[in-house]
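A, B, C and D are the chain letters, set down in written order, and residue numbers restart from 1 in every chain.
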């Protein structure tokens, strides 16, 4: 039920390492079209392609294969189906392109908010798959960079707040001033071989637990 | 030279306010295709559409009209042309969708890094414009949210660092401890009716200038 | 293309967050509207700004439009609550002196037991107990009355209720004008921070899911500008959804801290937004799940049953006819407008527009317009359940 | 699909940023490689890790692979510089005692005049001047020699050069083992922060655009794994491009500050990354445009002329044949590999692979592979121009 499962290109071992050929999962119920898509992609580059014919097996296959890209062709999804597929494909971990023949339900916003990197209302046309996939990959990377940057910036801000909070707690608990509180945090961090932010977080958490 | 310039839909004044009809600039050298695109969009919704036939006038028209969306059809751009067009269309201020007939130069990455919200290698097909535009808008919004979030988070972190730096400067200059330095900053801020971060930034900048 | 600029009145409170975020994070711009936020010093001022048409919409105490519909207070201008802005978010605090007496009497300030906290307060407070609330028609007042009355101190009859704007609550406590208060954050935390008070209970220890603030508009404006109002409701709904994301509270605290909004250190605002409150000048911490809710559990759905509960509380105190009050009140929470506005979004809407208030002790799946929706616990501390007559 | 995990050695320095950023910001993952960063305590240690194959690539002083090609130091393993990692970024500092004498003598610590600073140093330092550098084959040493010799203090002959790992430079100064140093950031700032030194000059006051660190690999590995190496070069190039964006330095400082990298407060790292240095324990600030450059002005292009300049400096000191040294040196900076690796990117590459070093006093447009490219000023403080023989 979960498809033909053929692999168009075997992983090459290069000097004991795997090749970096992109691995692609194509979800395409129409077997003939699937063949055409695989041929079209093969012409365009060196890919490791797995075709599955029904979306029901997607989550499992993704767990097993950890593909670099997922391409999903689906005639005219309902919102629930769309969200379920988007979730199963892991659109925050890899580029996911979704092709629908018709978008009767006006699901573009939902698809994009769910994180798919391309949402194409015209079905999966073999000759057009490659540029759409490339755009999806480029967009995914750009988005991923920004997400990383945002996460790291938040982490930095969070750490500073944690340190301030721990300082405040020490000032109250020990009756010391801000300098001394920080010195205490820093000394504890050095003694324990940890970062000041970690010690501060531990202190704040412990206080929360004791609270 | 900058096109037919017709407007398919006049702004409606509703209760003294302008309507919220999306205004779209379509860059389409082919006059017949331009007509078809306008018709196709008109069928799909209420838009204010401006067509220009040559991309050379784009930057000026964008300054004049401040459109909500820009759709650019261009046969097979060079990298320079693509980057120039992307820049002129202001892809960080509004959704920009770019349609090319062929992508001989493999410019997908460049287009997406330049910030365009959709890059479609298949030319601008009248019947497919609407879903692509919708996806471009949704994607632009998602990206914009994240950029706002990142900018605000950076600003918050920057402000904290500025305050810490100003505190350090005051501690050195006045020989006070951290608490007193912060109290001094806060008092100055209250006296001047400004935020502590602003006072800190002013102090740090002044020191840089004096330095 | 900005269709319109809408002026929106607000009070400097953490639960003004959906409006501030809708503006700052661009959710308003996504709906092609601009929001111009106008800060007001007190609730009567916000209400008057709205009634007299100086703003199109306002951050409002949920009982205010209900009271107006019942002919209580106000200018006679009919107001509508087109969305709830937040559930819960109030705190009850006592003076340090009263806190000390309660501690001596053995109260543990566990911050989660309304019965124990209320009993200790009633036992140790001087008579009459002087209570500060931000406005006579407020969830703060309703929670205090419900709680104290249920514990044997008939309120408001046997207590001395004083109206104090939120930002002056700590001063009133310090000046000895009140013994205790119920106020929206961060003003409870500010009393702690200034060393003048100790927090006794979060509002949701009395009622697990109370409609705290609403997005209020003039009813005639709601009729005249359904499209603009839809845009505003959607922008605010998206802001609330964003606020519920795990990484957002920290950034929201930064936005709210700016001088044109709350003008207070973000660290103080973090407390309410993360539900980790410092309850005493000694730095004791308490964690309160669901301290303030902007999105989950259909927090922004304006249940007609919530309005009816409020209306019946007001009617009981003022001697109004219960059936009329219930009907008038229920019509103020415009679940119809809210549904219409959110139809184009991915919001999961409940199938019904009224529910038995207080009936849920645990998260519960209920039928939604498409699929299912989870509602959170909404029980009252004394276990009573309110059966709405309207739906 | 991760094609390979590459181990990369680094020293805890601000200019390890492109490698740390390539890993932390996901640029390596975009190229389907993983980078495993291995921190080393000293430059000899990094060099040996690379030579003995314990890492695939390394953050390396630009003269090290050149010296290896000339048969100077090292293990005989041929090394290649496949990209420059950063231009500039060093600081020269003096002990507080020496700084005090220089100040008494009228030096203003303007931090931008190599001639005045050098004259003051030579006048007021005890003989022999004891100078700390992180490694004998380093841009630090080359800059000091070039500068002092041009000002009449023949170096290294008339100075006492001591090798001190960067992180121990402040300690050596405090212990009185050296009078002055040239070191990569943040270790100059750490000397200031610990109150033991005053900064005298940024490296770019001597040579406006010196290749400071390179991405070094074993030459045989470069031949065997061109594809993987291309991925690494592109990942690092993208990291450098990101570092050059206005909002990045602040975040980079946070990433670098982590315990597995520099393990120092981000505030200290900000100084080099933003070019705003605190030069003395009294807190004096100096702004240095182009203090360290990771991207602009083709900063990462490995110019064969840069390698040749280094090679000829080494040859002059060690008595090697100039022509042979020039040829051997130039072959170490692999502009060919760099070009091939960056061909699929949007990098603008220069038309030539060698340039007259020191010839530009202002930003100048030069022919690029497609269109134009801007090079920044690269002049020496004494105005000399180096004409490369190789290209």
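What we mean here is this: contacts are C-beta pairs under 8 Å (C-beta built on N, C-alpha and C of every residue); 3 or more make two chains touch, one makes a residue touch a chain.
This one's a predicted model, so the numbers in the text were calculated from it and none came from an experiment.
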| item | value |
| --- | --- |
| Chains touching both chain B and chain C | A |
| Higher-contact pair (C-beta pairs counted), B-D versus A-D | A-D |
| Identity of the chain that, by mean CA position, is farthest from chain D | C |
| For chain A paired with chain D, centre-to-centre distance based on mean C-alpha positions, whole Å | 36 |
| Mean-CA-position distance for chain D and chain C (Å) | 59 |
| Between chain B and chain A, distance of the C-alpha-averaged centres to the nearest whole Å | 25 |
| Where chain D touches two or more other chains at once, by residue number | 251, 254, 266 |
| Numbers and ranges of chain A residues touching at least 2 other chains | 109, 113, 149-150, 153-154, 156-157 |
| Chain-level touch network, classified as line, ring, star, complete or other | other |
| In contact (per the touch rule at the top): chain pairs | A-B, A-C, A-D, B-C, B-D |
| In the complex, chain C residues that touch chain A | 247, 250-251, 266-267, 270, 276, 282-287, 346, 370-371 |
| In the complex with chain C, residue positions of chain A that touch it | 79-80, 109-110, 113, 150-151, 154, 157-158, 161, 164-165, 168-169, 172-173, 207-208, 211 |
| Residues of chain B that touch chain A when the two form their complex | 103, 106, 108-109, 111-113, 119-122, 128, 131-132, 134-135, 138-139, 142-143, 146-147, 149-150, 153-154, 156-157, 160, 177-179, 182 |
| Contact set on chain B toward chain C in their complex | 14-15, 17-23, 48, 68, 141, 144-145, 148-149, 152-153, 155-156, 194-195 |
| In the complex, chain C residues that touch chain B | 1-4, 24-27, 30, 32-33, 224-225, 227, 231, 242, 251, 254-255, 258-259, 263, 266 |
